[in-house]
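Think of it as A, B, C and D in the order they're written, each chain with its own count starting at 1.
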């Protein structure tokens, strides 16, 4: 089956429009993949809607950052990656990709709600979470900083002789492309020819700053050639386009063709954070092609292509809403970290007090 | 009418834009949006072509400011959070800070750092970097603790021919209010005694001044008179005021919100004992944040930084020595 | 006159081969320009030969870094710029460009020899010199760091309403293109559409590191499009090609067409510094096209095109050697800085001691 | 046969590569070329695919090391000069240093910083950044002063599960020689008394240990017995050894080559007075570099940093107090 998809551009080498999602034309395989992507999109959306309510009700301390509008891109990437084998460094708006890559919803609610049982144990919050030993590093806030980290994880595997077939991926925003970290990291990955996929979710704004104040090229994908890496542009509101292009980029990286840059065009459908109403986004942007909601588009595509029925989708809504509810309820009843029982050491080694030889006591939570 | 600390910073920038054509503002989301903390709200409209949204390029933002300063401008660069100045570190400490000594040409830039912790901000939106920048020759590092100081010190910072790291405290932004901006103010380089006392001196700066005052108020109920010194500027350090206070009280506690190794409190204590050893009746003490990244959870955060309670406790120990 | 030049590539928009040096075909104008460029090339080469001898004789403390092989590129840029109007941030190998832009030889010898009368007064040394108030900032060592500084100088002029007709330029090496500073600075200049020219002197090595370990694109000029700026490639060993391409890039920047990236291909004809014999440079590189000496090529070109006679060139050698000798002799007999009379303040304001209001005492040396 | 300090660093890396398959080296010009200071000479040939030339991307170099460490490697990153680590600042202090506290996963990377001044090196090839990095929780900061320590401490640094900033002194590279590497060595976190004495304690580290010993030798001619403590590690700080020494001598001079505001000497003095005030018979003193960038000219440089003469002078004042 050749799936129909919205127009997509590509930058050398070209990816034909309507290119199949996977390397084979097996309808079943595409069907499974697309349903799986959609599940993660929907789970993420429902979870984030809930986070937004919790924020507005004053139940979350600190910021809440949503991936609304970016789910098709993020979930496709997360689904194309293989948990336990690949690496994924999610960024601000990657709830859908995290879910697709296997992060349980409870990791999210625990981190937002400050549960001591979460992966960050109240030490860090919101989107600053991960499970580094499970292939998913915890982002620091500094934009671009995860690019070389993913490169390093892959580099380690090469040295250990277990790189073959693995991919490492990360997402950044249009704004993050202006950072030195993005540039140094991507260039280094290109020099080392690492199997890396970097997705730029160009949602047209970095906080309030429009693309026109962020870069001067026509399309960020034009950067790919300057790094000597593969480049793709894709309509990020179109699930079928994402599925086609992102899986192709992942496949090429996995095949050993070096880093691949995918620039996805979309619009952030929320404020920068939930404290922000995003009123600086002009109405034209909200009303134009990229202003459409990828979940609506995907719903339509799944139904039109006979990949899911309206009924099924409705039942997923119910099922995922329940999951979200449980994840929130559980995190809410869990204990907060206790400053008096907190281990206030930033070092895993106990060398300072006793003057002993290095005595590692590291234990991942 | 009342005015917050962030209002004062906004007002200062408005005054500067109005009165000095050499001033311009450069930073992320500071133009139409008015900045992440609204420190530049309305300024882009009021002063066309003087307030610019920058790309997310802290290193280049400061580099651009240095170049503009060479050509006679007085740029104010806003970092969205102090923590992100780590990206601009090289341009600040190696380009801006060394320039006058090397070339004889001063670099009058002001880098505004929204600093310090607030509940739920976590490791990367809470840092206090004054003790990092103060180590570098060629930088002036200011840490206003009052609404009036926020205003006047920013005006003074831009008037200085040297690069200034202007550490604003985010917790004070909306929490700290004043009726108006006072007209008289101290020059840069001079500390202020914000509360006179005779039994012990607390040297603090930025948000910790207010925590120290609270601790002093509570101890006052027990009959202790604690003198609180607001450093205002951590580089240069006004050791005259510190030593004069310690001469009166014989006891010193230095309080800072930054990490415990080195930093402002170490410098204050080390200089006090070196220059005023004989004035001391008890071992001078320090109270800093704990030696871990700033935690996200408000409960951990409250136990990570000095509080009126922990300052009080440290003072009681000092008074009972 | 249309000058003949060696093959040059260009990247959008294309620059025709043999494009005239200036906007007009006036032979006299080109003649004057080329003679002037050559003068700076030769002055620089003779000065640097002398520096090398002084280093080997132990007369210079610290490193000595030569621009041998880069003179055609650097001098063309320096000559195309207008002193007192344009800005130029020279880097490691820009002795020729400095000279062309008006830096007196004595600034160089004083700085290398640590004279208290030099622009850096012994506080900084060797190539870390400049006269910022005369449009030539003094580089810091950190590669790439001058790119945003030049942008800032131009930005200031725009705000002051005196930008029209001005250009700011800097050179970086192939290695420096890997820095975050280069990326952030160039992108910012592109966003601000500043009249900036950045020359990448791709001398194939960064210290000992070959291009293959530095970047993965075919030609660094391929980066231009990703920044949305003009891009040119040029044979840096060929004076006529440099004169054609670099003046064109400067012209376009001056015309308001935004930043221009020029990638010049050449080979470093010395070690990284005079402490280094550069023995890691493979013989093939030294023997190939870019291994040729741009001064030899330029000499031949000037003579062949009737722009200078062999005799004239000989006399210039003599004249410049004398100038170099005088600059060395004078710097050598000047006093070193005196630590006891040194003003050990890193601040121009005297605020620390007296607690007075800001009292600026800055005086450029 | 004799061995220099840089030889010891090279040997240590050779040992590490031989004995620990998790170790690899990443840095500019460190492969075939053997590094700007030859600290990795011959290692790329001896250990194929373990020693890599990096692009000029300090930030990404450390980022790569962090990622590799997460996946079980023990990278050693060479900065060509300590001063260029300003570009890697963010990855070091915000990524590597916070990682264990945040995630429970330690980051065993070692960042080698060729540090300190040498004649003619100037503002950007001379810096001593130990006092900057030591301010950050989550980092271990080592400053070996002897040939044997250069070897053993580098081995220990790589064995540590935490990120280590390894400050090697460029002046010691070829100037400091030893017959061989001693077998017994102190663990990380313990200071060493390199010269016993009873009249005053000098606390120093890195190259300044040797300048302090020279000063002590000269004072010995006048009958003074100066105890010299080599900190070895500036974070953690071995206050037990410092306090025990001050208990014996009653007098403290802390000497460092870094800039004078804050830094190691401030921390040593502040902690000594806070924890051992009663031990002191005189005001503890500090001697640091001057508060300007490190000057290029050897004459200025020699007056910028502490020397045996200036240490001697400071000690005489302290002894005569």
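Going forward, contacts are C-beta pairs under 8 Å (C-beta built on N, C-alpha and C of every residue); 3 or more make two chains touch, one makes a residue touch a chain.
Note that the coordinates shown come from a computational prediction; the quantities given were computed from them, not determined experimentally.
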{"item": "Farthest chain (mean CA position) relative to chain A", "value": "C"}
{"item": "Interchain centroid distance [CA atoms averaged], chain A/chain B, Å", "value": "37"}
{"item": "Euclidean distance of C-alpha centroids - chain A vs chain C, Å", "value": "43"}
{"item": "Gap in Å, rounded to a whole number, between the CA centres of chain D and chain A", "value": "40"}
{"item": "Of all residues in chain B, the ones touching two or more other chains", "value": "54-55, 57, 59, 83, 86-87, 90, 94, 97-98, 101-102, 123-124, 137-138, 290-293"}
{"item": "Of all residues in chain C, the ones touching two or more other chains", "value": "120, 123-124, 128, 140-142, 178-181, 184, 187-188, 191, 213-215, 345-346"}
{"item": "Chain contact topology (line, ring, star, complete or other)", "value": "complete"}
{"item": "Residue ranges of chain B touching chain D (in the complex, touch as defined)", "value": "83, 86-87, 89-90, 93-94, 97-98, 101-102, 123-124, 131-132, 134-138, 235, 237, 258-259, 261-267, 269-270, 273-278, 280, 282-286, 290-293"}
{"item": "Chain C-facing residues of chain B, complex", "value": "24, 49-50, 54-55, 57-73, 75, 87, 90-91, 94-95, 97-106, 137-138, 140, 156, 159-162, 187-190, 236, 238, 240"}
{"item": "Interface residues, chain C side, partner chain B - complex", "value": "119-121, 123-124, 128, 130-133, 137-138, 140-142, 145, 147-157, 159-160, 180-181, 184-185, 187-188, 191, 345-349, 351-352, 355-358, 360, 362-365"}
{"item": "List of chain B residues in touch with chain A within their complex", "value": "28-29, 32-33, 36, 53-57, 59, 81, 83-84, 86-87, 119-125, 290-293, 295-300, 302-304"}
{"item": "Of all residues in chain C, those that touch chain A in their complex", "value": "178-184, 187-188, 190-191, 193, 212-218, 220, 222-229, 258"}
